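Take a look at the structures below.
One chain, chain A, appears in both complexes that follow, with chain B as partner in the first and chain C in the second.
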Partner chain A sequence: MIPACALAALPRGEAFRLDTVEPPIAVFHTDDGELYAVDDTCTHQDASLADGWLEGCEVECPLHASRFDLRTGHADGPPAKLPVRTHGVVVEDGTVYVVPSDLPPNLPPGARARTV
Partner chain B sequence: MTTSSLPPSVIATLPGGHYTDENIFALEQARVFESMWVCVVRAADLAKPGAFKTVQVGRESVLVTRARDNSIRAFLNVCRHRGARIKAEECGEVKRAFQCPYHAWTYDLEGKLIAAPNLTKMPDIDRVEYGLINVHVREWLGYVWVNLADDPTPFEEEVQGQVVERLGDLDSIHNYDVANLGLARRTVYDVKSNWKLIVENFMECYHCATIHPELTEVIPEFAEGLATQLSVGHGAEFGEDIEGFTVDGSAGADRIDGVSEDQNRRYYGLTVRPLVFINLVPDHVILHRMFPLAVDRTVVECDWLFRKDVVDSGRDLDSSIELFHRVNVQDFEACERTQLGMGSRAYARGGVLVPSEHHIGGFHEWVLDRLGTTLA
Partner chain C sequence: MRSVAIVGASLAGLYTARALRDQGFDGTLTIIGSERHRPYDRPPLSKEFLAGRITEADLALETEDEDLGAEWRLGVRASGLDRHDRRVLLADGTSIAADGVVVATGATARSLPGDSPSLRGVHTLRSLDDALALRADLVTGRRLVVIGAGFIGAEVASTARDLGLGVTIVETAPAPLARALGGEMGTALGALHEDRGVRLICGVAVQALTGDDRVDGVLLADGRRLDADVVLVGIGARPETGWLEGSGVDLGDGVLCDSGGGTSVPGVVAVGDCASWFDPGLGHHHRVEHWTGAVQRPTVAAATLLSGGTAPAPPQAPPYLWSDQYGMRIQFAGHTRPGDSVTVEEGDVAARSFLAVYRREDRPVAVLGVDQVRQFTRWRRRLGTVSTG
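Right, the complex of A and B next:
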């Protein structure tokens, strides 16, 4: 379990980019008050999903507009084809923790080499 | 012939080269259009956040948009990465960001860089520093005015000052409530003429009796050839049997509420240097914006604005609009005809201004002063 940020520092509609892990993880606080964590890097090209647009339970990549479902990680359509990994989120004593997935990430070509 | 040998009745114009020389035009782009307040877009044309228009100001393409907070923003239409033009379209709407089509550098509606491929690997790229370059913006009379200078002359001094110089005060124009009028018609004229010929033409009425039969019918004093702009606060009176500012003198639309009794049945024309003309009549306002695209080509966008309830009622405004549309066509034909002579050796030293045109000499001095040049 990795501490990400204080819950108070992550208002609804916002994202937090946890960059102390490789690959970085994005934590989203939806307008409905749900918390989700997925890999921050779009599976199509190296872009930060935390910089994207959060709508409901989906985040739209800021570069090429593929939308990822934060619950499943699935992309709604091209150019991204592969899903992002989803991670567990736990809140304890006002702190948001991420429970990283043990599956291999689906990183885009440029970002892949850096994770080795 | 030198200036000193001119007969006392006339004064010299600019030499023909000032209307044909690419180098002089380049200087005008830098020292006039890119250094002064220019009226570019009607604010209501940017209906909601993300709506945008691109306009040419001097040598620059400018992207004008409405941000999330409904404020108007304007940027140089150039990606900070490799310089590609962000938006090639004249107008359109983005949902929430401007994205360069080349490498997908993405900017929010305030111009800040929000995303780019591999951007998170370059934390030293400041997102504001590498945002789109803002230009100064001001909204007045329902229009967006931009100024590309680093340190612009205050709008009040440069733009409103000219209106006060012409009308005596700002109330006189605010009476027409221009910002809250509705757009009934917009006509874009692509004029094969130097911008200065269009300004000079608007400043004088020596030509009125010859080329504007309908206008001089409505405003008989124009047939005398005297410019309406010559005396502060003067409005040219409609003819006695004229009911409205229409092509046939028939009644116009409902009067704009704030128009005073003094302003009723009168026409006021204003030149707002460098690129705007404003025409005020009791029931509508006609506003011209010029976009000089080349030394011999100027696009003029002309808006006809009436009370919103008049526009919304769908009533036929053709007879009102037709009058100044004809004036425009007549004027621009004359300007194109004049442009043809500008490169002739017959006009190498220019022509002459008759007494009712002498004030155009002031415009020429103003242009030369802006360019930092004098006539050889």
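Right, the complex of A and C next:
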């Protein structure tokens, strides 16, 4: 379990980028008060989903507008071809924690090449 | 409508094929492409692909399990359109009859006027094959001269600099991208090059390229001569519409379309870089050469084609583009023109991270961001909800 941020520092409608882990993770607080965590990097090209547009349970990539369902990670359609990896979120004593997935991430080709 | 021929197998053509199938078209679909490649994504050609960080397979636009039920005719150019027989004529002498025709032939890179095409080392960049040829020439230590400081030129300069070439950019206008972004912001983006040791020469035209077999220099109109091992000509693109001359399809700066993509010929629509749609917000035709336009407009054009032109055209989102240079992300959305005011609302131009808003009579009409993705996303949304004419 990785501490991300104070719940009070993440108002509804906002996102937090946890970049102390590799690859970085984005934590979203939806307008309905739900918390979700997914890999921060779009599966299509290198863009931060925490910078995207949060609407309901979906985030739209700020670069090319593929939308990812924060509950499942599924992309609504092209240009993204692969789902984004989802993580668990726990809140304890006012702190938001991420429970990282043990599945492999779906990073975009450019980012993949950079990390190897 | 029982058959549709899509002329153009790139982004706009592929997205129109998808939109037609999504909207219930189950007839014969033929996709004609002048290049031998399956549809691929062009923006990385000046960036990650040129740098060698991603492969040809990474450029593929189709998903692995995608089946559009289309017949592909790749590596053959369209040479004409017979509107009476509703038939697309191909350069190999064959033709394809179709009830509906989608024009998605894109654009062709402009070359220098009077350019000697035989000089080796002189490139334009539009296609995958262009990118492979340019990449082979971008050898560490060589001197590259980029003619034209537009987005393609700037991205190639950035990539080449990373690869260890000496780079000079020559631009005729007083600042890079002055027509698209205005002089002030154009100058701000020009500084990104100079930060990285790329020489930027503005306000001077190119007179000629020199060299016998291979290019060895660029002669400027003020008499200066730049040594060059490689030259990239990045002076824009012209719509690929020559094949429609005399077909009855009205042409201007591209294929003239109504606000739903319909052309002057019933049953023929146009999308992508070759298409100049009427924009009711602007009050005139407007050719959009950006990736996002080629992705968004096919849905509308497909509805226009399948409905026989009766489907209402939804309002158009403001044009959007992005560019990656020297590790920085540049984004622009909206329409600007001379006389708009520009104010920096976030960050600082000197810090190379800023967001600038263009206004006309106090109304925001466009936004430019450099490494300000989150704020840019919000402003772009805001522009989309107001008229940007």
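Following the convention adopted for this analysis, the second predicted complex is superposed on the first by the 113 of 116 C-alpha atoms of A that agree within 3 Å, B and C clash if a C-alpha of one lies under 4 Å from a C-alpha of the other, contacts with A are read in each partner's own complex, and residues count from 1 in each chain.
Everything that follows uses one rule, which is that a contact is a pair of C-beta atoms (placed from the backbone, for glycine too) under 8 Å apart; a residue touches a chain by one contact, two chains touch by 3 or more.
Treat the numbers as computed from the prediction; the structure is a model and nothing was measured.
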Discussion item. Contact-wise, after the overlay, does A:Pro24 reach chain B, chain C, both or neither (first, second, both, neither)?
Written reply: first
Item to complete: Kindly classify A:Gly73 by the partners it touches after superposition: chain B alone (first), chain C alone (second), both, or neither?
Response: neither
Discussion item. Just checking: does A:Pro109 make contact with chain B only, chain C only, both, or neither of them? Give me first, second, both or neither.
Written reply: second
Response to the item:
chain A residues where the chain B and chain C footprints coincide 45, 47-48, 51-53, 62-64, 110, 114
Worksheet item: What part of chain B is in contact with chain A in the complex they form?
Response: 96-97, 99, 104, 106, 114-121
Practice prompt. Using the touch definition up top, name the residues of chain C that touch chain A in the complex.
Written response: 15, 18, 41, 44, 48, 53-55, 58, 61, 63-64, 291-292, 295, 322, 373-374, 376-378, 381
Worksheet item: Considering the complex alone, what residue numbers of chain A touch chain B?
Response: 17, 19, 24, 40, 45-48, 51-53, 62-64, 110, 114
Worksheet entry | List of chain A residues in touch with chain C within their complex | 45, 47-48, 50-53, 62-65, 78-79, 81, 109-110, 113-114
